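Take a look at the structures listed below.
Next come two complexes built around chain A: one with chain B, the other with chain C.
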Partner chain A sequence: MSDFLISSFTIAGIYALMALGLNLQAGWSGLLNFGHIAFAGLGAYATGIVIQAGGSGWTGALVGVGLAMALGWAVARLGRQLGSDYWGIATLAIAEILRTVATNEGWLTGGAQGISAIPSLFDGLPRPWNAVAFLALVLAVVAVAALALRRVANGRFGRALRLMREEPQLAACMGYDLKSLKTRAIMAGAAVTALAGSLYAHYMSFAGPDYMVASETFLIWTMVMIGGLGNTAGVLVGVLLVQAAYSAVPFAKDFFGFGSDLAGALRLGLIGLILLACLLWRSEGLIPEKLRKIPA
Partner chain B sequence: MLQFLVDTALRASDLALIALGLSMVYGLVKFPNIAHVQYAMLGAYLTFFLRAAGVPLVGAILLSCAVTGLFTLAMHLLVFRRLLRSGPAIAMIGSLAVAMLIVAALQGVAGSFPRMFDLPLSAPHEFADARITTTQLLTVGTTGLLLVGFSLLLFFTRAGRAMRALASNRALADASGLNAERITRVVNFGSGAVAGLGGSMLALSTGAHLNLGHDLLLPVFAAAILGGLGNPLGAVAGGLLIALTETVVTNLNFGFLFGKPVAFLPVAYIGAASFLILLLALLFKPYGLFDRQVRRV
Partner chain C sequence: MTAVSAPLLQVRSVAKAFGGNRVLEDVSFQVEPGEIVGLLGPNGSGKSTLLNLVTGFERIDQGEVRFEDRRIDRLPAHRIVDRALGRTFQLPSMPTKMSVIEVAMAAATAHHGFLDTLLGTRGARDAEVRARVEADALLKEFLLTPVRDLPSSALSGGQKKLLGIVCALMGKPRLLMLDEPTAGVHPNLRNDIVQALKRLNAQGMTIVIVEHDMHFIREVCSRCIVLDRGHIVASCRPDELSSNERVLQAYLGGGRAAAESEKVPA
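Let's turn to the complex of A and B:
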């Protein structure tokens, strides 16, 4: 049981990092990134490939973060002249192209089998403690990322992002370079997400094209939307809720004794239902973003 | 050569009806409905189950179109009309949730195993060097007829004029006394029914399976964006272009580029071809190939 809890929380922590990365783009900057998972996929693959080539885990993570930031820059450049919904579809297409490449370029990525035998980080420790140590590492990274992002959000950069989201023309009038703001927001989000992908590759000892399916992006979107777009605490709550729903399904499956098809359907349906209910009745999320009001 | 044209026509007719509906609805509600391709999958499964229940094939398809249309209308009235008040981005994410729910419901009811239609086998017709089966001939024919009928409706009737007016300038159309809500409802029903038809006809050859909707998502969006979202016949032209590119890319021998006798692109990259066209279209012609408006950005 405790093994199960530790693993659930570790995965929740990794998703929390990805969700924080998405929140920076979608929550504060209002960018509809539907290809967010590509950044995590790059992080995971870079870790796997670098380690296979004899490099260290650190190098892998750094390469992944670098690649993801480069992709983020390219994606942001692409978005210069597109409406936000068109841009969302473009990001979805980019993520799918990357997944197709990862599935087919077997010499680099191992094809559909992916890259396995990526060493876990704390193999030296005895059995339960290696998982605990990994969980502690993930939680520490999440805490650092959440605090740092919160600081950024309340600082000048975060205020500029929110102004760009609400009143782009006003922001431009006040001398902000919107293109550069968007680019920096996407690149920062990409870096955090690639780090999460790298951690995930270590945790699962595996990197494969399944990490990059579009439904993973939608899952992260659900987490961010449920918790509260634009609120760091809200995002973390959303991640916990979705992860709890996910972890509860296997128990329900055993308890009611239904098949794996129905269990998969239940997972997907539950997430869809929560997301839809949230959008219809509480579109600002469970913990809405607090906007500072200046007393008149 | 003839086979090449036949392949293109088959692929184009798979995409055309679904892209047409997507584009038509976009013109009125102004958000890209990601769930639209899942309506096609819903139609495919409905046709399968109705047929399994003993309804003859044509009746099953018609009934499934009607149910899919009603479902689309219900989704518009219950979900998207409310979400649109919070803006197109929220509505787009809502369509994502609806898409997930449709996939989940069908997975729960029908399971993940593909459902094939047991159609009577017949020898393909041969014209010169091309082969086409009776089912494929009927599919392409139905799509063609429907497209011609739709163009006549759009350009030569009052209802068609009202639809075009509403899509190009909603405020002006409202002021001229058009009943926007009623037209939006009719168009929603129609687009859902047409998507159900497209999905059902596609499933006749591939079977109804859970990835049917997802596999269509990017090609259909690419077609609709190429034609300019909101321009239904443009979407059909976009579908034709996507089909043409996909067929060229798979049939062209790239050997001359590499100095080898035979070099074909791996089949797995066909899907990527349409995503690439989509990206190029977004980069250079974000408002579609047929956009004549001058915009200030």
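Let's turn to the complex of A and C:
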């Protein structure tokens, strides 16, 4: 049971990082990134490939973050001529292209089999302490990322992002370069998300094309929307809630005695239901974005 | 005006068309330092387009725009603001999730990047304090202190216009361009705007105002430029407007007889 809880929280923590990255882009900057999972995929693959080539996990994570930021830069530049919704479709397409490349370039990525035998961190520790140590690492990274991103959002840079999200024209006439703001927001979100991908590769000892399916992006979107777009605490609550629903399904399966394929469908159905309920009754999420207090 | 100082703003032979619709043709004028210039004309005469062209929100097709004797007509809007040319919008809309003070602070000149904000560098912290002090001072001057902590979208139309002026002033402009600052504004508030603009001008601010309200123009402006169907038809003192045939033509489509029955300032 404790193994199960540790595993659930570890995965929740990794998703929390991705959700925080998406919140920086979608929540504060209003950018409809539907290809977010590509950044995590780059982090996971870079870790796998670098380690396979004899590099260290740190190098892998750094390479992943660097590649994701480069992709973020390119995606943001691509968006210059497109309206925000069309740009969203383009991001989805780019993530799908990357997934297809990962599936087919077997010499680099192991193709559909992916890259296995990525060493998990803390292998030297006895069970279950290795898992506990990994969980602690993930939670520490989440805490640092959450605090740092909240600080950015409340400060001058975040203020510019939030103004751009709602009133781009006003932001432009205050002297903000909107293209540059968008680019930096996407790159920062990409970096955090690639780190999550790298951690995931270590945790699963594996990196494969399934990490990059589009439904993963929408799962992250669901977490952010249920919790509260634009609110760091809300995003974390949304991640926990969705992860709890995911983790509860196996128990329901045992209790009611239905099959595995039904359990999988039930998972997705449950998430859909929660999202629908949120959209109907709490369209801004469980913990909506608040006005920031600025004392005189 | 004065031959000593160069014009602050020069617009030379500017033309702009949207599709086949030629909105501005061969428009030239200049604004001297210290002036308050009224830009008027009937609906569709091209006033707002002219303002958008000068501030970089639209590209000109022909001609050139110079500010402080440097060409600005190829610069993007945000670069023109950096040259100290501020503007407001005719229908200002304000963000729902930001308070009035936050919007004003966002308009402060010193922009900081991701890392400055994240690390809270000394420069970033100092700039933040300065922005807050300046924003509070301007909000007070424009009577917005009571609504300081409300969502900026909750302000009335008139208050939003005031906040728009506050934002423009946060950028410390040397030329301020206002798009209909008093349209739809309550008379009391309108008076406050008049006083505020006169005060700013007394401190040396050059102002260009797009406006319909003749009384406002007469009260505030030192000179008027009248546009009609994309052409400048007059450039004169406000008190000369009513005796200018071409202005009457533009506004009333008729001659003197019509003018006497209408509300044109005498």
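Some notes on this structure:
Criterion: the second predicted complex is superposed on the first by the 291 of 296 C-alpha atoms of A that agree within 3 Å, B and C clash if a C-alpha of one lies under 4 Å from a C-alpha of the other, contacts with A are read in each partner's own complex, and residues count from 1 in each chain.
As a working rule, a residue touches a chain if its C-beta (ideal position, glycine included) is under 8 Å from a C-beta of that chain, and two chains touch if they have at least 3 such contacts.
Fair warning: this is a prediction, and the values are worked out from it, not measured in the lab.
In the superposed model, A:C173 makes contact with chain C only, not with chain B. Touched residues of chain A, counted separately for chain B and chain C, are more numerous for B. By the touch criterion stated above, A:G158 is placed in contact with chain C alone, chain B being left untouched. Of the two partner chains placed around the shared chain by superposition, chain C is the only one that A:I294 touches, whereas chain B remains out of contact. In the superposition on chain A, contact of A:D210 is made with neither chain B nor chain C. When the two structures are aligned on the shared chain, A:A93 is found in touch with chain B, with no touch to chain C. Chain C contributes residues 55, 57, 76-79, 81-82, 86-89, 92-99, 101-103, 105-109, 111-114, 116-118, 120, 124, 127-128, 131-132, 136, 148-149, 151, 164, 167-168, 170-171 to its touches with chain A in the complex. Contact residues of chain A toward chain B in the complex are 30, 32, 78, 81-90, 92-94, 96-97, 100-101, 103-104, 214-215, 218, 221-222, 225, 261-262, 264-269, 271-273, 275-276, 279-280, 283.
Every residue of chain B that touches chain A in the complex is listed here, in rising order: 31-32, 79, 82-83, 86, 88-90, 92-94, 96-101, 103-105, 107-108, 111-112, 214, 217-218, 221-222, 225, 266, 268-269, 271-272, 275-276, 278-279, 282-283, 286, 297. Contact residues on chain A toward chain C in their complex (touch as defined above): 148, 151-152, 155-160, 162-163, 165-167, 169-178, 184, 188, 230, 289-294, 296.
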